[in-house]
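Reviewing the structure listed below.
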């Protein structure tokens, strides 16, 4: 196993533990134990829990960013793109709930961990850049209403985040993927030109 | 009686002069402008700030006056007050525009209508004047540094010192063109074969702007624009024609007054006043530049979105009026009245405009010279 | 001795800003002494007549039913172009039409009435063009030097640059620090104030105006006055789509630009986030 593959495995293990026990309650030692590694060896891969957290964030941001880029490059209408993005989000929520949880909750509610080297949008730039391109092109094609970036971004991401939260809390009455259609429709109606 | 048609050029565009004459003596002259560029239409439905870019382009030689008039009209419409510092900076750049205009006009326009003269010394001088404007406004011609609410620049003392040194250097240099006593070899040479009493106007003067040291003697509400036979519009004040410009606004200066009392409002007096005004402006600018508080604010953002306003400035050729109506941030109506319209209205023999009056009863061979002594801006007329 | 090249300078629909800009060229006398100026709308010259010229300089736009020197303007220009060996179009009006009408070579982004003569034409757009650009073009032409031109017949030595290059506000651009207001030394005018510098072909900040300054240095945004789109609407505000600049710097992809600006914005530059000169500290 290469060093990169090993790092990825550690990150996935950490994700599971963060989801199960919470970010603060998980230590490097817990992760090492779960991996069957010595703590000393762990430090060869990640010098601290913070650095692991940061790399994890960059990894997830890039993962979503790459998928969004594919959608951005499709020759389809903005309305269809919205549906594809919602689909992507809800599908990932089902398949890798820890990942989505981390991206939407650990990062946003523990900003202080990311102050050193992850300021602003630095570690999530791959994802944010694609979202910006999606919005910019939608307006340029006159399919979306021209407005402040954050009022559009907040509406889109806040809505998805809310749905993911309800799903993870087990409150949602139906399977999350059944919400793709109405949620996409609502987002489009709210943002359209 | 014979009527000859003549196209007058080198006046920032062209005008058509129809001379009614008898034995080469001008009995009457019709003044026509046949160009139209539609500036006011171009401004309609644009955000009002665009006028600060469009309007300087009315004219390559006095566009800065149009910019300042634009800023003032909008400030009037939106109730914005500007700081003392912004006011002084505008006075400096506009004063300098007047200076470069007068020197160019004298050597490039007026002199060649009588005799040839090396005009490079004029350009040598005016490029330095442009440089001082640029230090404040970014460039000359066609800057947009004056905007509703103030100015865009934020100077340091570094520039102020440079500006002041340039001003005093150029003021000293100007003494070779016309000194502070009013002595000018080039002016006397120009009049070596022309009687100084040639070309009398109406002897009625109007000043509407109050920038620099000029004092207004009228109220813009009495101004009336009227259709003329060509594309120019005639302009009257209380139903009468008036002369505007350097002679009108400097009659209280004792040196100019003396010339006026000797030759009345002749071509010579008019030219003298224009050349002498340069000295007065230099002295004024050297005085006000010291009043600049470097830390004072340069700009105040206008808050209102609609309103009607008028901006009047004394431009190189006289009173310049801009009127604007703004609705929700956009230009609804715009109207511009330029000094050349006052001086060169095309009226009748019985009720002539200043330029028509000056031409009447003079030798036809001087028509070009007399016409040009008003410093005509054809592009401004054909806005 | 060779006779001097005959140069005829004619005005279309203009404001004469191009001529007045050229007057500021410090060595104008040297240039005018090298040519025979057979006509100029403002400078002393002989009476106008339609005649052959080695170089025709056109300032101003075309316009139907516009009279010039008692001729129909468009017909006059057509005759003069036919009689000239080279044509120098100065100013945005002459090249693209600008605010007054149609250009000689282009009508905004379409081919213009005289595009067919493009092989003998050189474009020096700008409202006004910088005096040095005009001087450069006249010198190069009368000395028969090869001028490398771009697709719009602009000399590459002048127009390969953007007006952004050399701007003293570049540090603010690098760190994505916006100007809050007009009348301040601090901040880049690209984000809100409408500055078109990063995508305008011109060298205003490289060689400076009147040898001392430029509009952005004086706190005024670049209005893109050398471009076919001049004057756009809403010149003091940056056009944005969902808060993202609609026009980005020339030569960079939107994705690359947004990534870079996101990074720069996140890494705050402390020094540039304050007033440069502050009485209190």
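A, B and C are the chain letters, set down in written order, and residue numbers restart from 1 in every chain.
Note that a residue touches a chain if its C-beta (ideal position, glycine included) is under 8 Å from a C-beta of that chain, and two chains touch if they have at least 3 such contacts.
Values in this document were obtained by computation on a predicted structure and should not be read as measured data.
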Touch-based graph of the chains, sorted into line, ring, star, complete or other: line
Chain closest to the middle [Cα centroid of all protein chains]: C
Mean-CA-position distance for subunit C and subunit A (Å): 47
Chain centre separation in whole Å, for subunit C relative to subunit B (CA means): 26
Centroid spacing, where centroids are CA-atom means, of subunit A and subunit B in whole angstrom: 65
Sites on subunit A touched by subunit C in the complex: 69, 119-122, 125-126, 128-130, 132-133, 135-140, 144, 146-150, 152
Contact footprint of subunit C on subunit B as seen in their complex: 7, 9-10, 12-14, 34-35, 37, 42, 46-47, 49-50, 52-54, 57-61, 63, 86, 104, 108-109, 112, 116, 119-120, 123, 126-127, 130-131, 133-145, 147, 149-154, 156, 295, 297-299, 301, 379
Subunit C residues touching subunit B - in the complex, by the definition given at the top: 11, 13-21, 23-26, 28-29, 41-44, 48, 66-70, 99-100, 127-128, 181-185, 204, 209-220, 223, 225, 231, 233-237, 277, 279
In the complex, subunit C residues that touch subunit A: 240-244, 246, 254-255, 258-259, 262-263, 265-268
